[in-house]
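Handing you a structure now.
Chain lettering (A, B, C and D) follows the sequence in which the chains are written, and residue indices restart at 1 in each chain.
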C-alpha cells in the first residue's frame, strides 16, 4: 500500500469539521458543474478540516458510477490538496468498493469511507472478515461508517475494537445517534489516540468533541461551514459559553431547515433547497426523491431569512 | 418501446415455474463458466417456464456490474429463446437499473424485474412515481418485486393496483411471505387477468397457484427443477393428492438444505453447497458471505443422500 | 391437573371456527352487558365451534383485571357449555396469567391462550422455559398464540415442536400472517394429529384449512359468523367452487370494513363500528383507541349496506 | 388535584440522581423484604435526590399487582419522606395505571411515571389524547417516560412540547439513548425551566447534565449510588477533570457488570447479581428471566473485586 502522495495531508488522527458534501445535480445523471465549484469554494472558505464526498448526504447510492467517478475527479481537481478529501466507497459489492477506491486514489483523494454492505445483512463476524479482506487491497486509508437506519447493520463496539488493530483503518464516523454506543467506542479505544472518532450527527458534534471526539461530519456545513468550525473550536477549547450560543444556532438550523415536510428525506431536501435559495447550486435530487415544490421552497427561504443566512427580499 | 423481438416468448400473463438462478462463481469477480452451462442445462431439462437471473438468489447486489453484464450475455446466449429470460435490475440508482435493462434487451432477454431502491427509504407515492418514470424508458416489460426483509420497502397493494395500469408493467413477484398481502393483491387485480402474480416463497407456490396465482419463483428448482414443475402442474389441475405428496418433499428440502447453520444466509449457502455436491457448479459465495466449511458441507451431502438427490458414497 | 369438568367439550384437536369476540364496552371500565348478551347469541346462532374471549380483538390488554374477570363470568354463564370457551391469559406477568386462568377455570371455560410476555423480549430458550413452568400450574389446557407484530416475539417452529410434547399444551393460534411459517409448523407437527393448528388471519383461514389446518380464529365472525362457518365447511370438504365464492365475500369485508381510516387500529374500530350499525352492541373502544367519528361511521354503514348486512336506510 | 401532602418534597424541577430501584425478590411473587430494607438504606446513604420504583429496572411488568402494591407501601414506609419517591404506573390499561397511581398517593409517594401503553401501538395524536385524559385523574404529578425499545412507541418532541403545557405533567425521563432527540427536547423546552429533563442512560447522564439536563435515572446507583451523585455534582459544577475520571468508572461498570452473557437481559441480571455478591439482596429475577448461573456469578464477582466494590475472597 503506497499512500504517501495522497495521505500526507491526513492528520493523525483526522480531526475537525469534515462537511459531507451534497452532490449538485442538473438532472439525475448530470452534475451541476458550476454549482459544484461554487459549493466547494463556499465550504473551503471557512477553515474546514476536510471534505467528505459520496456519502449519504451526497446521495451516493442514487448516482451512477460514471457520475460518481466524474465527481471524484472534479472535486479533487478543485480542492487541490487544500484539505484532505474523503470519498465514500460504501457498496453492496466488494469489487465496486475497490473500483471506487482506486478512482479516489488516482484522483488524489486522501482517504475512503465504508459502511457495511447494505443488501444482504452480514453478521459481525462476516463484517469483520469483510473489512479484513478489503483493507489490504485498498490504496488509501479507510474510515468505517455507521449508518444503521439505512444499512440495517452497525459495526458493533467489539468489531471496531478489532478493526482498530488492522493496518490501514484509521477512524470511524458514527451516524447512529446513539451516544451510549459512541461513548462505549471511546472507552474501548482510549489506547488508540491515533484512531479518529467522528460524530455524524451535527447536533451532537459539540458535546462529542467536548468530551474527547476527534470531530464531526456536519451536513449543515454545506450551508454555513463557519458555524460548525467555530463550534468545534469552542468545544475543543472548552469555552462553554460560546459553545452554548453556537449550539442554539445549530439547533435552529436542524429544526427549521431539516424540518419541512413529513418526509424521511426532509434533511436532504432542506439542505439542497437552502443551497439553491443561497444561489450556490441546483436543488435537484436524484430519484427516489424530488426537490421541494414552491410552497416548501418558500418556507425554507423564510427560515433562511430568519436565520440571517439570506437577505429578506 | 420496441419489445417484439424479445417478448414474443413472454406469455400473457407469464405463468409456471421460473427458477431464480444462483450465480456460479470461481471467486468474487469470476464466473464459473462451465458450472453455469451445466446449471442452465440442468434447470432447462425439466420443463421450467422461464429463468430469472440476477435476483436475490443470484446474489446480484454482491456482483460487479462487469460480471452482471457478462452473466446476462452468457445466459441469454445459451438459453437461446428456449424459455423467457427475466433479468433483475434492482438498484439503488435509477440510471444503473436502466443500464442493466439495456444490456438485458441487447442480449435477448424477455423481461426485467425491479424491487424498490433499497438504500433511501421511499414512501409509496415516491415508489409509484419512480416506476412511472422508469417504465417508459425501459426496453423490456417490467415485473415488480417485493423483498421487504432486504429492501426495507414493499409495494403496497394500492401501489400495485395503480402500477397494473401502467403500460409495460406486466406482473409482480412477491417474496414477502405474507399470504394475506398476496391474497389482497389477487383480490385487487381480479380484473387484470393478464397481470402475472408470482409467488416468491417456494413453500407457498403450490397453494398460491391452487387458488389462482400465475406461478412461482422457486429457489429449490436450481437443485431439482422437476419437483417444482410437477407440483405446479398438480396445483394447477387441482390434483390434491399429488400436490400434498410433492409438497412434503418441498418442505423436506426447505428444512434440510436451507436449515444448516445459524445464519441468515443459510438458504444461499445451502443451495450453492447442494449444487456443488451434485457436481454441477462451484459453491463460492460473493462477500459478505462465505461457502460452508467441510462439516456443514457434509451435513448438506447427507441430506441430499437422504432425499435421493445424490447417491450414497 | 383436573380438567375433566371443563374440558369435556374440547374436541381433540379443537377445530372449526372460533370467533375472537370483541368486548362490548359502555366506557373504559364498564361492560355493555345487554350488548354482550346479544353479541354472544348472534355469534352462537351460526354453528361456530368455540368462542375466544380476551384476545387482541377483545382488547384484553386495555381492560382492567376487574373487567376481564367480570367478562369471563358473564360469557361462561351465558354460553353454558354450548361451545367451548377459550380465554386469553397473555400477560407480561406470570402470576397474573395464572390468576386469569384460575378465574377461567372457575367460571367454566374450557381452555386458555397465551402469547409470549410482551414487555421484556425473551429468547426462545426463555420462552420454552416460561411455558414449561407455566403449563403444569394451569388448571386448563393451553393454546399458544403468535402475534409478533404486537408482542415482538414469536414462538419459533422448534419451540412449538418442543411445546407439543408438554402435557397440557394442545394447540397454537398463529396470527403472524407468515404462511411459510405456518406450513413449517404443519410439517413439523405431522406426527401430532391431536395438536390444533388455528389460523389467526381470517383471509387465510380457508386455504389453511384446505391444506390441513384445524380451523380459524376469524374476527369477521363477530359480524357474520355464518360466512366463516360455511367457508370452513367448504374448505374442509374441498368444495373449491363454493370456497372461492365465499372467499370473495371475506375479502370484501376485510377491504371495506377494516380499511377505513389510516390507523393501525382500523380493524378494531371497523369491527366495533359495524356491530354498532347492526344494533348489536356499543362501539366504544378502550384507550389508547377511540371509536370512529360520524363520517367514518357513515362509511362503514354504507359498506354494510353494500354487503347486504344491514338494510339501506 | 390535591397534591400538597405528597409533593412538597418535589423540587421544581426535580433534579439530581434518582436511582431506578431493582425489586428484590425471593421468588416470582414474594418480596425479599430484608433485602429491600438493606437496599433502600444502601441507596439513600449517598445523597441521592429521589428514588424511582416499578420501572423497567424494577421489572414492574413482570410483577403481580399485589406485589407491586406491597412494594409501594414498603418503600414509602421506609423512605419516610427523606427523598421523593417516584412510582412507575406504565400499563397497557388506563384504569390499572390509575389504580397504581392511587396506591402510590395513598402510600405517600411524590410522583408517578408513565411510558406509552405498550401492546397496541398508538399514534402520536392518540398518545397525546391518552395523557390528556389520564393526567387530570391522577392524584400525583406525572413524569413521562420514553423506553421505545420495549414499548414500541416514543413520545415525539412535539408531543412532549404539548404535554409540557398540561397541568400536572412535570418532566420526562428519556431512555431512548438518542441524544439528538434529547437535545431537541431541550431546545423545544427552553422556555419551561420548571420541566424536568432526566436522562435514562447512566453512561450519558454526565454529559446530559453538563449541557443542561436536570439529572439522571442511573441503574448503577443501585450498586454504588455515591459514584453517580459525585458525577452529577461534577457535571453540574462543570468540573471537567473530576467528571472525566468518574465517567471512566461509570463506563467500567457498564462494560463489566452489564456485559456478561449474550442476553438482552444482561443489564438486569448483572445488577441483581452484583447486589447479591455485595450481600445486599437476592438475585432472583421474575420470569421471563432467570438469575445468572454460578459461572456467570463468578465473573460478576471478579468484576466487582476489580472495581474495588467487594473485597477479594
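Details
Basically, a residue touches a chain if its C-beta (ideal position, glycine included) is under 8 Å from a C-beta of that chain, and two chains touch if they have at least 3 such contacts.
These numbers come from a predicted model, not from an experiment.
Between chain B and chain D, the least number of touch steps comes to 2. Considering the contact criterion stated above, no chain is in touch with chain B and with chain C alike. Centroids of chain A and chain C (each the mean of its C-alpha atoms) stand 50 Å apart.
One inter-chain figure worth recording: chain A and chain B are separated by 36 Å, centre to centre, where each centre is the mean of the chain's CA atoms. Multi-chain contact residues, meaning those touching two or more other chains, do not occur anywhere in chain C. Inter-chain contacts occur between A-B, A-D, B-C, C-D. Contact residues on chain B toward chain A in their complex (touch as defined above): 28-29, 59, 61-67, 92-96, 99, 116-123, 126-127, 129-130, 133, 150-152, 263-265, 286-290.
Listed in rising order, the residues of chain A touching chain D in the complex are 177-181, 183-184, 187-188, 201, 203-204, 207, 210-211, 238, 240, 244, 247-248, 251, 254-255.
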